[in-house]
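First the structure, then my questions, so here it is.
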Amino acid sequence: MSTAGAKKIGFIGLGLMGKHMAMNLLKAGHSLTVWNRTPAKAQELVAAGAVLAKTPREVAEASEVLLTIVSDPPALESVLWGTAGKEDGALGGLKAGSLYVDSSTVSPVLAKKVAAECQQRGVKFLDAPVTGGDWGAREGNLVFMIGGDAETLKEAEPILQVMGKKWFHLGPNSAGQTIKLAMNAILALEVAGVAEAIGLVTKAGLKGEQLAEVLQSSMGRSGLLDLKTPLMLKGDFKPSFPLRLMHKDLGLALELANQLGVALPTTAAAREVYNYVKGEAKEDLDYSAVMKFWKK
Amino acid sequence: MSTAGAKKIGFIGLGLMGKHMAMNLLKAGHSLTVWNRTPAKAQELVAAGAVLAKTPREVAEASEVLLTIVSDPPALESVLWGTAGKEDGALGGLKAGSLYVDSSTVSPVLAKKVAAECQQRGVKFLDAPVTGGDWGAREGNLVFMIGGDAETLKEAEPILQVMGKKWFHLGPNSAGQTIKLAMNAILALEVAGVAEAIGLVTKAGLKGEQLAEVLQSSMGRSGLLDLKTPLMLKGDFKPSFPLRLMHKDLGLALELANQLGVALPTTAAAREVYNYVKGEAKEDLDYSAVMKFWKK
Amino acid sequence: MSTAGAKKIGFIGLGLMGKHMAMNLLKAGHSLTVWNRTPAKAQELVAAGAVLAKTPREVAEASEVLLTIVSDPPALESVLWGTAGKEDGALGGLKAGSLYVDSSTVSPVLAKKVAAECQQRGVKFLDAPVTGGDWGAREGNLVFMIGGDAETLKEAEPILQVMGKKWFHLGPNSAGQTIKLAMNAILALEVAGVAEAIGLVTKAGLKGEQLAEVLQSSMGRSGLLDLKTPLMLKGDFKPSFPLRLMHKDLGLALELANQLGVALPTTAAAREVYNYVKGEAKEDLDYSAVMKFWKK
Amino acid sequence: MSTAGAKKIGFIGLGLMGKHMAMNLLKAGHSLTVWNRTPAKAQELVAAGAVLAKTPREVAEASEVLLTIVSDPPALESVLWGTAGKEDGALGGLKAGSLYVDSSTVSPVLAKKVAAECQQRGVKFLDAPVTGGDWGAREGNLVFMIGGDAETLKEAEPILQVMGKKWFHLGPNSAGQTIKLAMNAILALEVAGVAEAIGLVTKAGLKGEQLAEVLQSSMGRSGLLDLKTPLMLKGDFKPSFPLRLMHKDLGLALELANQLGVALPTTAAAREVYNYVKGEAKEDLDYSAVMKFWKK
């Protein structure tokens, strides 16, 4: 563990992904100040040496580099701008010259708004949503989709390297979010497609397992489907990437598309199926539980 | 080229797929009688030793094994039951004890109807639609999705082996067609998903190539998307699997689903996008041309 | 009851609509030969003076004018072309110079096929699907959507007049069916629209009755919605126009649209909702039961 | 014109609807302070006696009753909370005990947020979106969909009476918005349904006018369709209710539905068609221009 180049890093959002990303930063020798809406989730990190701050603002004030990864746009807004009537938002604590990397998946509109705020304060900002799941987060194997300046990215790379093996520089701020939303639409449609196909063959009296076997021999096979199809057939919907988040991301993709005047009929149809299942669900499920629309 | 076990084979339907499948049978030493709606397409096969019959019935009469691969249900009905007022349909020529394998993609309802007719005549029947494209047909590398008796399949295997490397026995007659339609719905949704995603990021001012690059690093990557995405980005829609056939197959999948009372909202939405592009198209295009809905 | 101009009329299809239409013809003084797949349904008509034939062909042979109204394309094909191996289809019994009016809702393709057969036999044919429900049938208050020659229509008018108050001459054969399918798509979307709206406000904690009250004051109010909305709110889905028939008609509309290359995204989405409810239903329901998708 | 009960009224939003509503209030003897993003639109009202304020806050400060009707949620937020760094929002100027009626169509979530702010300040609030179009606004013939306290409504009635003939009290704050969004989904689906139907029959070689004529005789006829269908057939898409606003309202309805977990597959499909046409449009069009998806 090298501490040359060790930074004071702030980390906000210690969920399924964030806790592993933060731990990897700690293990790499960086000093960490953290915050989470539910402080209990910080225990393991604090035990490993992280400092738990009382507000997002405190995290920002203590850091050269701030990272955030929270569940949705309102959560990010609340972290950055703070609670009404309090001065506890992270933006207020960011120092000129510092670096801020947001790995939440939010709307490109919000990414642009954050970028504008950062620019006003002299803060360098990257939108950097990730893919790779909690497994990728734990293994330091994430893929980052980056929007922002090349120079800022350069500066962030030693940090990204600790959490991921790959990053794509996709354009100016918000480009990372745009590509992320498009990617998730592709994944959601792959899974919805297999779910519809299983629904069809099952009702026709055949076994979904046979469809899965044929799929394995076909050009349509993907790592995602290799992983999800057996779980869907077993009805094992333990959340890896939660349905509620995929549903939110499809909503963000459609919101963007409707702002731009791009019709996405297939994504829109799929979103309503995810919505249906989410509306019926009594527990937190993986997005492959879209299957439940057909298999009750 | 061995002629031990050589059979008298009839082959009907010498299109993109059929001509290669027939040629492989010929090369394997079987004797071939062929028929095609457009006789000119039989030239190469005739030059290689096949006999061109005047009617589907003649083909059946001359054969121990009949194979058909035509474009859609009406084409198959016309080949099997013949032209009104004429006795030229293949069914009438099939001998009791012979084997009939249909590799067209048609409705499971039609497959069952053919199976019933064959049973009445003492003919052994398999529905055996294929996947693998014209390249797979030429290389003898097709995958067969089989509906029918295990015993009949056993008998057909030496013939299938000449044209393909793999077959799945999926259930009784019509099971092959059901799985094929479900598989094509999956493929159509993968391609539609990438098309929508490219449509979105392009309108947002980013490059589809960047999305493609990220996709290559993601779990969503599939052989199909590796193949189609670059062509979609170039706007190269030379038909490999024609749009009109994928559109037809989506229609057959939805027809089946609506007979069974299985809702397929995503497939239905995608079908209308394929339909839109097909309606606007002035030439024969690959199904990846669904892209044209967004990129004009 | 006048018998001047009384005709020998054949009537096939004594369902919800047909039995009333036939009774009105009988009451108007025409002599009637009838046939129904389930002969028991002819009892009332026979008691009133109709003759029950043994086959559709017998009906046609006994008639100057043939009327048919059956549930779907396969039923019409079976009535007209008869059972395999028997010579019992109505087409075979139609005399040159006679008039044939089909009031079933079937595909325009089938209407054209029937028209071609009739022309070959010198039979004058109208496709004449109806709207107005069983109430309109009983009251002689139907609306006919007519495809065919003006001259043929002229000849049919005295007969139509007995069953309906209005007819629209819409074009050559199949035009009646095309307009009918388009009309039913409109009706299905009105009802689906109200169903989605009730689903939404109910889940938001408001009463569907309030939405209905506002709708009554709005430009969106229609006779159909005035009729169906209260029943939907009560959950009274006794079939007036059965779900299975509306679902079939949406399928025919989409089949036509997909043959023509016209995308109908909204109709396609609605069809899958009707399909979902039909697939779950254990009894015969009115099409307003599409409501059950949201209200269980 | 009576001035007994004349009030000091503030009116913000002088668009297609607002200018007529404000003028009716002026004519009824109320004194009016107005504000509009584009001040030029206030000229006619100022000439008739209204006072033009410099900020929304000034309007609120000068009024016993505040009315707002602006185009979308961001516009309302900007009017109420003001521009960043300025203290010019209307909320800041509202006096305890005053009455605030918002007739914009916005999300129920925003209506609740406004209600909460008003409650904190002792301001009585109604969400009161309207239907009836610019014609209804001019004639004082609007219908109001009201969310809020019965007592507050009682107090507002003398004012509402000047602008409309009817109001529905639908529940607590946000109920007006919820019903309004559901109503607009119904209207959008009626129009989309007719548009799809015209698209279909036209491509089948028939005339949309004939479909319209049949529709006029059917139960599906509505005031809305009587009005819009001829314009759609002529291609006259002069905005009465602009496409961009209907598109926005469909988006708000779907946003609400997705928050609540209610799937709206038909509305979602229709929204993408409206989105497609909006994306292609170069000018401001009526929402009946959804027709352009089929008729180019």
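All chains are identified by letter, namely A, B, C and D, in their written order; residue positions are counted from 1 within each chain.
Criterion: contacts are C-beta pairs under 8 Å (C-beta built on N, C-alpha and C of every residue); 3 or more make two chains touch, one makes a residue touch a chain.
Because the structure is a prediction, the values reported are computed rather than measured.
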Neighbouring chains shared between subunit B and subunit D, ordered by label: A, C
Interface residue identity across copies subunit B, subunit C - same or different by half: same
Centre-of-Cα separation between subunit B and subunit A, whole angstrom: 40
Centroid distance [mean C-alpha coordinates] between subunit D and subunit A, Å: 36
For subunit A paired with subunit C, centre-to-centre distance based on mean C-alpha positions, whole Å: 53
Multi-partner residues of subunit C (each touching 2 or more other chains): 203, 257, 260-265, 268-269, 272-273, 279
Subunit D residues touching subunit C - in the complex, by the definition given at the top: 108, 131, 143, 145, 166, 168, 170-171, 175, 178-179, 181-183, 185-190, 192-194, 196-201, 203-206, 210-211, 213-215, 217-225, 227, 253, 256-257, 260-270, 272-273, 293-294
Parts of subunit A lying in touch with subunit D, wherever the complex brings them together: 247, 251, 254-255, 257-258, 260-265, 268-269, 271-273, 275-276, 278-280
